[in-house]
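Quick heads-up: structures coming right below.
Look at the two complexes coming up: chain A is in both, with chain B in one and chain C in the other.
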Partner chain A sequence: MDPEVLRSYVPLYKEAFILTLETGWLGIAIAFAIGIVTAFIMHFRIPVLAKIASVYVELFRNTPLLVQLFFIYFALPKIGISIPARECGAIGLGLLGGSYMAEGIRSGLDAVGTLQEESALALGMSKRQMFMYVIFPEALSISVPGIVANVIFLLKETSVFSAISLMDLMFTAKDLIGLYYDTTEALVLLVVFYIIMLLPVSLLGSIVEKKARYRTLGV
Partner chain B sequence: MGFEVLAKGNNALRLLSGLGVAMRISLISVAISIVVGIAIGVIVAGRHPAAFAVFRVYLEIVRIMPQLVLLFIVYFGTTKALGINLDAETASIIVFSFWGCAEMADLVRGALLGIPVIQYESAASLGMPPLMTYRYVIVPQILRRMIPLSINLITRMIKTTSLVMMIGIVEVLKVGQQIIEANRKSSPNAAFGIFATIFFLYFIACWPISRLAAYLEKKWEN
Partner chain C sequence: MDVILEVKNISKSYEDITVFENLSLTVKKGEVVVIVGPSGCGKSTFLRCINALESIQDGEILLDGEAIDASSKELPRIREKIGMVFQSYDLFPHLTILQNLMLAPVKVKKTPKAEAEKEALSLLDRVGLLSKKDNFPRQLSGGQKQRVAIVRALMMHPEILLLDEITAALDPEMVREVLDVVLSLAKEGRTMVIVTHEMQFARAVADRMVFIDGGKIVEEGSAQEFFDDPKTERLRQFLNSFSYD
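Right after this comes the complex of A and B.
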């Protein structure tokens, strides 16, 4: 391994890292928003919308992100919808993630017992208060392990962005291998940057999971 | 809308055989993962501290490294570092099994350690020898926990096989791109038809399997 080569590659990777991270977190934010709305619709069985929501969840949970991105990026322009690569990446990740988040949050909502609802109502809370202060916080802390796993999964999925010519970490690595054939250096930096991106999330995730577990147990 | 390309020549058949390649890679990897994963899981459940430490590191690597990065390392890295020329399909089976083994081993470990000691004690007090205890008491419980989760692993593997086109395997997405390129002039909208079809194909391949897993999980909940 040549330290000179490593040093010359780092700025390129840094740029790609920032792009990957920005697009990734934007996608995760979209996923969270879609997930909460979809979970509510499914939990309360709102007519018509609930059917659409479950079709959406099944469709996106059972297809790979790469195929979804190809569809959004290459197929939709043919029917007049063109979206630039970066937005495309964030939207694709958001749609995929939304379906996973929806399942996670819905199972949390379903797990909160009716006793909790009845107690809240007996205390004179309005329906809205009951939901905002009792049901939703409890459901969220039940779903935390699932949400953490989803965030890690989605950050890993960002690696396919290169397929729609987004210049992310994978794209940079492949490009450098093709150009200079310094395979070892390119791969080492690729791994290092993915560790920087995911290890903190993974460690933080374990801590948050533990905290959430105490909350649900009421310890 | 570009669906007419499917009817040309044997395009539809080619797409299906592309999906076949993806299925083959995932099924071979799942088979390897189940056999090797169970063995690793049983070893780790033995609570040997060194084995557990190694396993934790292995699990963390699988947890945080994207499969595509692992594919790049095995496919491009081994050629350079070891001088072995792996073909892309072998490389992807190695990566998928590496990932699957970790998941299976963790499932087995969790299931084994999740069975309360009282089960073993009750079996022993009924006069069952250890082999019989495992055969009639422990293993059936573990299987009920593991089967739905390993079926889930199959669908995730099928979905992840879409990545192998990035190391040059001609699977369904690559075949799709070739068809689009070849018909650029005659059907300019082929991209829509082809990618919509592939989207649907993956869904048809994965959805029934996920339903089955969900059904079994519910049925065996208690």
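Right after this comes the complex of A and C.
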């Protein structure tokens, strides 16, 4: 391995790292928003919307992100909707992640007993107050492990962004290998940057998980 | 005495099972009514109907002359006046004891935080749990949790308290600490409707006893008549099942 080569590659990786992280987190934010709304619809079995929600979840959970991205990036422009690559990546990730988040949060909502709802209602809370102050916070702390796993999974899924020519980490590595054949250096940096991106999430995740678990379950 | 609660000929059924039919009950201000009866007689369901956690098929329920209707937009406002404590002390697990007590007054009644906190602390002190204010519910024993649940209901300044078998899930030695709180509430003139299996306690706390069996009020009367001189054979049988003489 040539340290000189490594050094010369680092700025390129840095740029790709920032792009990957920004697009990734934007996608995760979208996923979280979609997940909460979808979980809410499924938990309360809102007529019509609940059917649409479950079709959405099954559709996006059971197709690869790559296929979804191809659809958004290559097929939508054919019907006049063209979205820039970065936004495509974030939207694709958001839609895929939303279906996973929805299931995770819904199981949390389902796990909060009806007695909790009744206790809140008996205190004179409206349904909205009951949901905001009692059911949702409890459900969220039950769902934390699933949400953390999803976040890590989604950040890794960003590696398929390269397929729609987004200059992410994966794209940069493939590009450099194609240009200079310094395969080892390019791949080592790829691994290092993914770890820099994911390790803090993983560590932070387990702290949050422990805290949430301790609060609700005491173990 | 003024009438607070009027339950008129209510009926409750699930599809083809009738829980009770034509039940009526009037509760006056300051009165403690204790409802007893065999398991499955509909007494808990009856209590749950009063604050519309269960819907009724027939009849009407009036609190201060205002109808309690499960479909009414006004329901939360009416429920504020009805405190309820459940068998399984459902405190909110993600909040500390103090937060559990302050949540509803602050969010629903818009009580200033400082005021709600002051009241919460003084009530906690009264039930001997001031030192637990920053603990989470799971760190408390069953009896302690149930005392907090009573305080949580009191924080809303209800006009009437409904207690649904609040000691049924407790270890025997914890029953006392909870019932002592209820007795002290009765002494200060709180209006309560209590469903319980603790006959000694019922006798001590009740102004009026009601015996429900098979979805009907079989007998009612003052605590003394009720226990010492039951009129119906069914009540006699029921009371006998508690004695080992």
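Note that the second predicted complex is superposed on the first by the 217 of 219 C-alpha atoms of A that agree within 3 Å, B and C clash if a C-alpha of one lies under 4 Å from a C-alpha of the other, contacts with A are read in each partner's own complex, and residues count from 1 in each chain.
The criterion applied here is as follows: contacts are C-beta pairs under 8 Å (C-beta built on N, C-alpha and C of every residue); 3 or more make two chains touch, one makes a residue touch a chain.
Remember, predicted model here, so these are calculated numbers, not experimental data.
Engineer: After lining both complexes up on chain A, report clash or fit for chain B versus chain C.
Structural biologist: Because the two structures are overlaid on the shared chain, the partners are seen to fit without clashing.
Engineer: Scan A:L66 for contacts with chain B and chain C and give back first, second, both or neither.
Structural biologist: Once the two structures are laid over each other on A, A:L66 reaches chain B alone.
Engineer: Under the stated touch criterion, which partner chain does A:L187 make contact with: chain B (first), chain C (second), both, or neither?
Structural biologist: First partner only, chain B.
Engineer: Tell me which partner A:A85 touches in the superposition: chain B (first), chain C (second), both or neither.
Structural biologist: A:A85 sits against neither chain B nor chain C.
Engineer: Chain B or chain C: which reaches more residues on chain A?
Structural biologist: B
Engineer: Looking at the overlay, what does A:A122 touch: chain B (first), chain C (second), both, or neither?
Structural biologist: Touch partner of A:A122: chain C, not chain B.
Engineer: If we overlay the two complexes on their shared chain A, which of chain B and chain C does A:S141 touch? Say first, second, both or neither.
Structural biologist: Only chain C; A:S141 stays clear of chain B.
Engineer: Using only CA atoms and the superposition described at the top, report the least gap between chain B and chain C in Å.
Structural biologist: 24
Engineer: Which part of chain C faces chain A closely enough to touch in the complex?
Structural biologist: Against chain A, the touching part of chain C is residues 51, 53, 76-77, 79-80, 82-84, 86, 88, 90-94, 103-104, 107-109, 136, 138-139, 152-153, 156.
Engineer: Once bound in the complex, which stretches of chain B touch chain A?
Structural biologist: Touching chain A: residues 1-2, 60, 63-69, 72-73, 76-77, 79-81, 155, 159-163, 165-166, 173, 176, 180, 188-189, 191-192, 194-196, 198-199, 202-203, 206-207, 210 of chain B.
Engineer: Along chain A, where are the residues that touch chain C in the complex?
Structural biologist: Residues of chain A touching chain C: 113, 115-116, 118-126, 129, 133-134, 137-138, 141, 215-218.
Engineer: Enumerate the contact residues on chain A facing chain B in the complex.
Structural biologist: On the chain A side, the touching residues are 58-59, 61-64, 66-68, 70-71, 74-79, 152, 156-160, 162-163, 170, 173-174, 177, 183-184, 187, 190-191, 194-195, 198-199, 202.
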